[in-house]
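Next come two complexes, and both contain chain A; in the first it sits with chain B, in the second with chain C.
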Partner chain A sequence: MLIDWVAIAPEIALTITALIVLGADLSLRGEAKQLVNPLAVVGTLVAIGFTLYLWGDERSTFAGQFVINDYAVLFKLLFLGSLLAILGISWRFFAEGRYFQGEYYFLLLTSFIGMLLLPSARDLILLFIALETVSIPAFVMAGLRKRDLYSSEAAMKFFLIGVLSVALMLFGMSMVYGFTGTTELAGIAEAVGEGESVPLLLASVMLIFVGFGFKISAVPFHFWAPDTYAGSPMPVAAMLAVASKAAGFAGLIAVAFIAFEPLADVWAPVLGVLAIVTMTVGNLFALQQRDVIRLLAYSSVAQAGYILVPFGLAQSGHLAVNDAAIQAVLFYLVAYAVMNIGAFGVAIAVNRRTGMRSISDYAGLSQRSPLLALAFTTFLISLGGAPPTVGLWAKYWILRAVAVDITPFGIALAVFLIINSVIAFFYYLRVIRTMWMDDAPAGLPALQPGFNLSVVVVVLMFGTVLLGVLPGLAGNFADVVTLAGG
Partner chain B sequence: MSLVGPLLLATFLFCVGIYGVIARRNAVLVLMSVELMLNAVNINLVAFQNLLFPAEAAVSGHLFALFIIAVAAAEVGVGLAIVLNLFRTRATVNVDDVDLMRW
Partner chain C sequence: MDPQTAGWALVVALFLPLAGAGLLALIPARLDQQIRRAAVVITGVSFALVAAITAAFDFGDAGTLQFVTDVSWISAIDANFHVAIDGISLPLFFLTYLLTFLCAIYTLSNLPAPGKPKGFLGLMLLLQTGMAGTFVAFDLILFFIFWELVLVPMFFMIGMWGGPRREYASVKFFLYTLFASIFMLVAFLAIYFQAGAETWSIPELSAAAGVGGTTFQTWAFLGIFFGFAVKVPMWPFHTWLPDAHTEAPTVGSVLLAGVLLKMGTYGFIRIALPILPEGAMRFAPMIGVLAVIGIIYGSLCCLAQTDVKRLIAFSSVGHMGFVMLGIAAMNEAGIQAALFGNIAHGVITGMLFFLAGSMHERYHTREIGVIGGGMLVKMPKYGVLLTYVAVASLGLPGLAGFWGEFAAMWAAISPGGDLGDAYGGLYLGLVIFAAIGTVLTAGYFLWLLQRVNLGQPPARWADEPLDDVLRIEWVSWVPLLLLILALGVFPRLVFGVQDAAVTNLMSFVTG
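Coming up: the complex of A and B.
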């Protein structure tokens, strides 16, 4: 079998980088260990170069299990961009903490290799391997601060719920294999479309969704999210909240819109209801949080609910609706990555040296560091979805997908989306008010976010506003995406 | 050979696994229960491949089972490391005692 090496060049580049990082960590001593971060950045840039080269290409290798199309390339660029931003906000955090820098960057890169595989995977086996490649390093990263009670607790909860949901997902996959006799997504779609939809098959589909529901922290499987985000090192929390969630959505799109597209009339209402419950529960819990990271965690649960809304609109065989839904998910994920990594970046900057993390600690941030306060305000407003930020357009794209084919259920989803956006503003604005209206307590050390973190936060802030003013920049790309299949 | 036997065995193992995850409070035992569930999946896959689709050229059922075995080993490695670390910091492996963070 011939292997199309160009198609898997980004993954190979990242793999080699991960190995170099591990080797460099072995050979470097003391302060020099910090150099692994720039090494990882260079490797990521190389991978981005290869990915850009693949833009507009249609390739398929490994007997059709691995495909390259604009949809996959767009997702890969999203992941690699998030990786760059996370590397930027990680440097000072891990260099000063002095714990396991080489291991952290190695695990981070490994996790992202799995993410790069996910949007290209067209086979249940590859999907499963890619998902585990994302998860297993993440379990370790969550527990990276070995002597910290909270960190080991975070890893424990994350791990137990993670392996349980994967086991449920695998049981579903094995039943689907028994029904269809193949693990290829296209083959499954064919077999499912021909046969009758027996209840056991539908149950298997739901079991598979459980596995992805855990990754995106949809509501019945979200219990790990706030504890894990709060306990793990903050850059890891940013990675879990953004990249790992986007990976879950990439897998969910592949399973839902390619393999089980003929059953859309069954699973769409289920995922729609899940979306409503997820956003409502996430927002209501976020209202009561006093810790910024936990607030961001519950807000990310709510955001997962918004991103699930387009799945609730899917209709079997209705290409226009399904394409609009996939585009809305993709655009929202891009917007979400920009604003949420930025918000975590500011949280890391404030937390640095002082360890402050409750909302009241943000009092007077506007006097201590106007730039960070402005950036945090932009990100929070964008998460809420107000102009002139990208968050508004992200929600607009979802509503646009609703409007393609107006159904009562679609309208209900849109209404819940809007009500929840209003609730969300309550807690986002509370943080903003604390930052700008309250006085800073005296005697606090000056904020020194560090060069890398400042650059990342400023770039993301401009990105949030720029995409808000000119949504076409990302929107045109998303428009190209017609089908996840192929 | 009938498919009923292997499937019944797999379902039984899977249910035992779920019961263990819910009822056991020791983290190591929870891990073992998850392994039972994964083995139920393997029995399923191999049974389907051998009895339903013996002619499938890609032998994807067998391959899938092999991959699951490998990944499960990796999962257990990471899981035991996490449990060990938890025991070092807190001197307990009871999942109910791991409750510093709530809501």
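Coming up: the complex of A and C.
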């Protein structure tokens, strides 16, 4: 079997970078260890270069299990862009903490290799392996501050719930194989479409969704998220909240819209209800939070609920609706990456040195650092979905998918989305108010975000506004989604 | 400038304040006075440009769009950047620039704690672009963006420079309006997809003489109605307004009353009526009933208020009720009345909020009981101005407030379409109650004047050195004072401009 090396060039580039980083960490001493960060950045840029080269290409290798098309390339660019941003906000955090820099960057890169594989995977086995490649390094990263009890607790919770749900998922996959006799997504779709839907088959589909539900922290599989985000090193929390979640959605799109598309009339209502529960619970819990990271954690649970809404709209064989739904998910993920990494970046800048991360720490941030306050305001407004930010368009694409074919369930989803947007704004506005309208307590040390972090935050802030004015720059997804099945 | 080709002028006027806000951000914060002067220059230049546009406007052809710019904006969703101006937009657009200019002048000497003119004026300029854009956008998506754009600056204006309950008021304002406007967006999307319109262009949708069936129009109108009704605000969606108005800084209140509320009524007239005429016809009686409830309820609330600013805020509920009554009449005269009422209320109530702000500057309270009368003795010029504007607001013939109310009631006697046959009695009842409302309005304003203006100043103010109207206040108020008189004596100033455009618009509604 011939391997199409060009198709997997981005993954190879990242793998080599990960190995170089590990080697460099072994051979470098003391301050020089910091150099692993720029090394990782260079490797990521190389991978981005390869990915851009693949844009507009259609390739397939490993007997069709691994495909390259615009849909996959778009996701890879999203992941690599997030990686670049996370590397930017990680530098000072780890260089100052002086713990396990080499290991951290190695694990981070490994996790992203799994993410790069996900949107290309067209086989259940490859999907599973990719998902595990994302998760396992993340378990370790969550516990990197091993002398910190919270960090250990974070890793432990994450690990136990993660392993349990993955086991359920694997069980579901094995049963699907039993029913259909294949692990290829396209083959499964064919077999499922012909046969009648047996309850046990539906149950195994649900088991697979449980695995993804954990990854995207949908309620009721979200319990790990707030504790893990709060206990992990903050850049790891950003990675879990954004990139790892996007990876879960990439897998969910593949499974839902390719393999089990014929069963959409069964799973769409389930995922729709899950969406409603997820956003409502996420937002109501977020209202109660005093810790900024926990607030962002619950807000990201709620955001996962919004992104699940288009799945609830899917209809078997209704191409226009499904296309609009996938478009909405894609756009939301791009927007979400930009605004949420930015928000975590500001949180790192403000709270890197302070142990506490209470919202009251943000009092008078506008006086201490107008730039950070402005950036955080932009990100929060965008997470809420008001102009002139990209978050508005993210919500727009979901409502648009609802409007393509109006059903009572679609209207119910839209109403819940609207009510939840308002609830979410309530706690986003509370943070904004604290930053601008309260006075800073005296005697706080000056903020030193560092050059890399400042650049990342400023770039993301401009990105949030620029995409808010010209959302067309995020690419025309209309051409991309039809390839999701390719 | 040729109104057929000079689309650039409108675009420049629209984004000049935004660019100005960017410019202000570059000036160091310690140059306090320079920042305030720069804002006056920016708003002044913008206003001059809008005055030039108005001068070049072809009044003989006010029914067609002029100064058009229509270019592709977001090709993925067919949204265009389509701005233009016609007889309906022009008065509101002009008012927006005039009021912002006057607010900038007023801010030269008046800015509530915590100061920071850079942030305040920057937000005001951002707000200006949002408000002005709403009146000239002819693409539903573009309209929605401008509509939502005003939320953030107004939130900060109330939240940072507002009164004691500013945090509550600002969040309530933001969440309430946001909630309603998303329903509006859903209705827009439904028009695009469900009705098979496949365009966001307001002129094209209007010319289609109604999209979808009657059932569809009813539902879509409900969504749009909710979005606009909160902004107007119509009873019972008005509860954000007294809080926002009372807590907002003077300039915020002036712009809120003068321009922001008009966005709602403008939206009804520009979007809801022509695009969904059948839905509008079905809803018109209900709108009429809510409008009249608003008039009576607003007046009764005014009678119970002890805070001058809160009283003026509730009077807005009543006045906007008259505007909505004009819309509910669904005929040309009614729309004319509504648009005139819009302008008149913007000028008069904007001026009243200026006066209330200045009163607070002097007395450091707005409680009627604490002020206790005697303003005509203590500050004769100020007292006269308050009397003049208050009687304008209660609808004295010869001043601006009269024409909107009178014409709205006159129009509602014979509503358009089939409404006259089906609901003739109801509309007659509405007019009667609205007339009672005018009496109540006169009652609370005159009572207010009696309590604060007449009599002798109480002992605690008798020896207090209170300034009469200051020079900077004269400069920022005189244009409004003159407009109140001019619109009262020559209502054609506005009616004439709108005439052709309203005829044009109503031809879409009643076929």
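One rule holds in what follows: the second predicted complex is superposed on the first by the 479 of 486 C-alpha atoms of A that agree within 3 Å, B and C clash if a C-alpha of one lies under 4 Å from a C-alpha of the other, contacts with A are read in each partner's own complex, and residues count from 1 in each chain.
One rule holds for everything that comes next: a residue touches a chain if its C-beta (ideal position, glycine included) is under 8 Å from a C-beta of that chain, and two chains touch if they have at least 3 such contacts.
Here the structure is a predicted model, which is why all the values come from computation and not from measurement.
Chemist: Any idea whether chain B or chain C touches more of chain A?
Modeler: Per-residue touch count on chain A favours B.
Chemist: If we overlay the two complexes on their shared chain A, which of chain B and chain C does A:M437 touch? Say first, second, both or neither.
Modeler: In the superposition, A:M437 contacts chain C only.
Chemist: Per the contact definition in the header, classify A:F223: touching chain B only (first), chain C only (second), both, or neither.
Modeler: neither
Chemist: Using the superposition on chain A described above, determine whether A:W55 touches chain B (first), chain C (second), both, or neither.
Modeler: Neither partner.
Chemist: First (chain B), second (chain C), both or neither: which does A:L164 touch?
Modeler: first
Chemist: Thinking of the overlay built on chain A, is A:Y150 touched by chain B (first), by chain C (second), by both, or by neither?
Modeler: first
Chemist: Once the shared chain is lined up, is A:R400 touching chain B (first), chain C (second), both, or neither of them?
Modeler: second
Chemist: Just chain B (first), just chain C (second), both, or neither: which does A:F425 touch?
Modeler: second
Chemist: Report the residues of chain B in contact with chain A in the complex, numbered from low to high.
Modeler: Interface residues on chain B, with respect to chain A: 14, 17, 21, 27, 30-31, 34, 37-38, 40-41, 44-45, 48, 52-53, 56, 58, 60-61, 63-64, 67-68, 71, 74-75, 78-79, 81-83, 85-86, 88-90, 95, 98-101, 103.
Chemist: Which residues of chain A touch chain B in the complex?
Modeler: 63, 123-125, 128-129, 132, 136, 139-140, 143, 146-150, 152-157, 159-160, 163-164, 166-168, 170-171, 173-175, 177-178, 181-184, 226-227, 230-231, 285, 288
Chemist: In their shared complex, at which residues does chain A touch chain C?
Modeler: 381, 386-388, 392, 395-396, 399-400, 402-406, 414, 418-419, 421-422, 425-426, 429-430, 433, 436-437, 470-472, 476-478
Chemist: Give the list of chain C residues in touch with chain A in this complex.
Modeler: Those in contact with chain A are residues 73-77, 145, 148-149, 151-152, 155-156, 159-160, 166-167, 170-171, 174-175, 178-179, 182-183, 185-186, 189-190, 192-194.
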